[in-house]
Amino acid sequence: MRVHDIQAYLDRFFDRVELVGDGETEIGGPAKIESATEGQVSFVANEKYIRFIGSTGASLLIVGETAPVEKYSDRLTFLKVKDPYTAFVFVLQLFSSPRVVARPGVASTAVIGKNVTLGENLSIGDFAVIGDNCVIGDNTVVGAHSVLMEGVATGRDCLLFPGVFCYDGTVIGDRVTLHSGAVIGADGFGFAPQPDGSYIKIPQMGIVELEDDVEIGANSTVDRATMGSTVVEKGTKIDNLVQIGHNCRIGQSTVIASQAGISGSVTVGAHCMIGGQAGFAGHLSLADRTHIAARAGVTKSFSERGQAIGGFPAQPLRSQFRQEALVRNLGKMRERLDALEAELKTLRGD
Amino acid sequence: MRVHDIQAYLDRFFDRVELVGDGETEIGGPAKIESATEGQVSFVANEKYIRFIGSTGASLLIVGETAPVEKYSDRLTFLKVKDPYTAFVFVLQLFSSPRVVARPGVASTAVIGKNVTLGENLSIGDFAVIGDNCVIGDNTVVGAHSVLMEGVATGRDCLLFPGVFCYDGTVIGDRVTLHSGAVIGADGFGFAPQPDGSYIKIPQMGIVELEDDVEIGANSTVDRATMGSTVVEKGTKIDNLVQIGHNCRIGQSTVIASQAGISGSVTVGAHCMIGGQAGFAGHLSLADRTHIAARAGVTKSFSERGQAIGGFPAQPLRSQFRQEALVRNLGKMRERLDALEAELKTLRGD
Amino acid sequence: MRVHDIQAYLDRFFDRVELVGDGETEIGGPAKIESATEGQVSFVANEKYIRFIGSTGASLLIVGETAPVEKYSDRLTFLKVKDPYTAFVFVLQLFSSPRVVARPGVASTAVIGKNVTLGENLSIGDFAVIGDNCVIGDNTVVGAHSVLMEGVATGRDCLLFPGVFCYDGTVIGDRVTLHSGAVIGADGFGFAPQPDGSYIKIPQMGIVELEDDVEIGANSTVDRATMGSTVVEKGTKIDNLVQIGHNCRIGQSTVIASQAGISGSVTVGAHCMIGGQAGFAGHLSLADRTHIAARAGVTKSFSERGQAIGGFPAQPLRSQFRQEALVRNLGKMRERLDALEAELKTLRGD
């Protein structure tokens, strides 16, 4: 592929893609700027990587519109765009070979239940089990060994990697990606304590709904509601080993990093970011655009939009940082106390 | 179903179920009090939900024996019981449709090993693998894709959802529920460091025993003992993504919330509650009825029964709360120090 | 097996194995010293277990070279070695029956893709799926229900338990053990935020490489690199439910305990020990032989070799312990402040 081809491709996404250098240069693939070699394309989106421009082995760099690249243009070719990071993501997509998660069609070893509605152009892998009354949308790929229990519905263009388990009644939108080991719709954790100290199980009669463009990482779990639905809204991305409890509603375009745990009946707003290993008590709500720091322990609701929250118990980050600084300086406080006591002792004439 | 039918059903569990209103009212299903509509049953167990009685759309409410409901009885029907929460759980069970995790019988695609003892009335799903010398008790359901390695024994009335993995020798009691992705009996994490810095694996020769009425959540792991058994005692309920290390013994009717991690050789008493994301150092023991707060980091044993423990390093919650309050007020302590220093400076006549 | 046989076996690993007692004693298996019975072998590696020697029911004990055992030698037999703990591990191996994870050969229900290279003496279990262009080394065992997507290569003598999922392109060395539910090579968590608040997925084009002698626990996840490889180096052991983010490099002979989470692009040195539930921010590096305490939250790099680090934000353990002691004594600091204020009030003559 020539630089001109990449430029033409990026023209579909950006108002303006400016070429500096030789559009005929052949490009074979993408690489990181510090390890790129001849014939490769890389990018600079962050000022701290500008220092690599002089020494990179790449043949093409995607840079910002105002990047000072002219002095390198005899040796390197550049494409200038408004958002070089996103442009490079498109270049990655351009070079990524199509992934075969399952072959086109329904594998002969797959088991399809009764009254199943299969869309067009499906790929259903070996040993997949599609329960009775399921609906699978067009172009959806169900990897080997994935199990959809009774009455699961997926939209179109979904990608279920091998070994995904969806409990009965799960509803999945379009373009949803589920990674291996994800368990969608297992029973919420609800037991009623009895006078003798034992527990009886509270039936978990609800379902899980994953809206369009959701992605859920490997070995993550989203529990079904007791009644009604646990909902992950449109465009939300969830990393590996995350727990979403029953009756939660996670707002749209929210991002949840690995090993975070959200207790039951929590409502998270839209466009939130939740750091890794963060945890939530149950029955809380977070306003839109809240940022929860990694490892925060959220014990109450935060209703003001756009706050950054951290620590345990979690509080606005400014307070948290102030408190951490005070703790770090406790040794000095103790020295000041010692000095005051000594001085008073002198004043007393002891 | 009429209110009279629900009353008769609850009569099986409670000494006294009092009807206030119209026993002929038709009830189609359960719902939360704030979203219930005509023909639905809900409940009030907690005083803070009493305010919803006036506005609920439900036709039937299950309430406590002393709930002041008479003024609503022209419009709504009530069943009064001692424990309305548990009564509602029974109502949920009454209305929950039986779940088909696997069809009755042994699926033609399942693989059954040699010398396997199969109970009566089993359901074994597609592609399930039952290893040599396994025993499966009556009425047990093994979901599609579940694997029992060699010599696993389950009791009767167990429910293994699709994609459960039990390593060789696992012993499972009656009425045990295992959710998708649970891994029971994987090797404990034991390696002997060698002088050259490498490790040799310590064979994990023991097994896991899950006693009657245990439930284990999706993607949780319970490791086999090095020698002997890792034991989860009768009636204990474990949420998703929980780790139970090798050689642990978890007492009966204990509840462990999501993402908690229990290191090897820990003994947890009976009737304990362990919060989400709590962690334990190895070789500890907890007395019966200990409550461990969410995210606590338990670094030593607690031998007094019935304590509430939290923080990291974990301590009795009263001390923990006092310490948290002191930390929160550190800014004020520093101001007091500043004032004292200033005053002494004045006293000194600087 | 007689004590003489065990002595002869240990002679293969140790320079000197001294017998004290009766070499003809029959030994049937290993046990913990406190629960061992006649005909069993146990060990004492730690001084605090010496007190059990007088009361153990074992017939043979493996002890250190200088252990004072002579007074017990009329009743018990001893083997003295330099490292009794490792010697006992070898004894465990001696008595452990060979585990059948899959029967020799390729199960008739397994699906083998096109252009697959199969080594000698393989065991491939029921319903295993080996994708196109995979390579499986000699003597490797692939458990039932494990899935190798396209182009996965394993070395020789590997052991994949049932239900392991390796994404396309994963490269696995010799003698690697993967436990059930491990997901190797799922997409790294990378999304580019767009001006409208939505995200576009960054293709994860790299792979995962697991070097020789790596072991990965149940339900752990190792994500593929965006470009290039996520690498777990030779001899590293990873417990259950651990997350290794994309582009990480974990050094050799490092040990990572359960539920630890390592964010993307972290470099961990060789011979490190990482405690359970520890977490890492992205793009950090740790020097060789760093010890990270359980539940530590590592927010910056530590470049000095051999440090012990803990707390959140993590710092050298000595500072962390000092800080924890100061926090524990905050109540006393406040009392001292109170006393100072009272005294000054008196001095002022209020």
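Annotations
By written order: A, B and C. Residues from 1 in each chain.
The rule we apply is simple: a contact is a pair of C-beta atoms (placed from the backbone, for glycine too) under 8 Å apart; a residue touches a chain by one contact, two chains touch by 3 or more.
Here the structure is a predicted model, which is why all the values come from computation and not from measurement.
Subunit C is reached from subunit B by a rotation of 120°, derived from superposing Cα atoms (nearest 5).
Judged by shared residue numbers over all numbers used at their interface, subunit A and subunit C contact each other through mostly different positions, with under half in common. Subunit C has its Cα centroid 27 Å from the Cα centroid of subunit A.
Residues of subunit A in contact with two or more other chains: 127, 145, 163, 181, 219, 241, 259, 277, 327, 330, 333, 337, 340, 344, 347. For subunit C in complex with subunit B, the residues that touch the partner chain are 30-32, 35, 85-86, 89, 92-93, 95-96, 99-101, 109, 125-127, 143-145, 161-163, 177, 179-181, 213, 215, 217-219, 235, 237, 239-241, 253, 255, 257-259, 270-271, 276-277, 294-295, 324, 327-328, 330-331, 333-334, 337, 340-341, 344, 347-348. Taken in their complex, subunit C has these residues touching subunit A: 111, 127, 129, 131-132, 145, 147, 149-150, 163, 165, 167-168, 181, 183, 186-187, 189, 191-192, 194, 197-203, 205, 219-221, 223, 226-228, 241, 243, 245, 259, 261, 263, 277, 279, 281, 297, 312-313, 322-323, 326-327, 330, 333, 336-337, 340, 343-344, 347.
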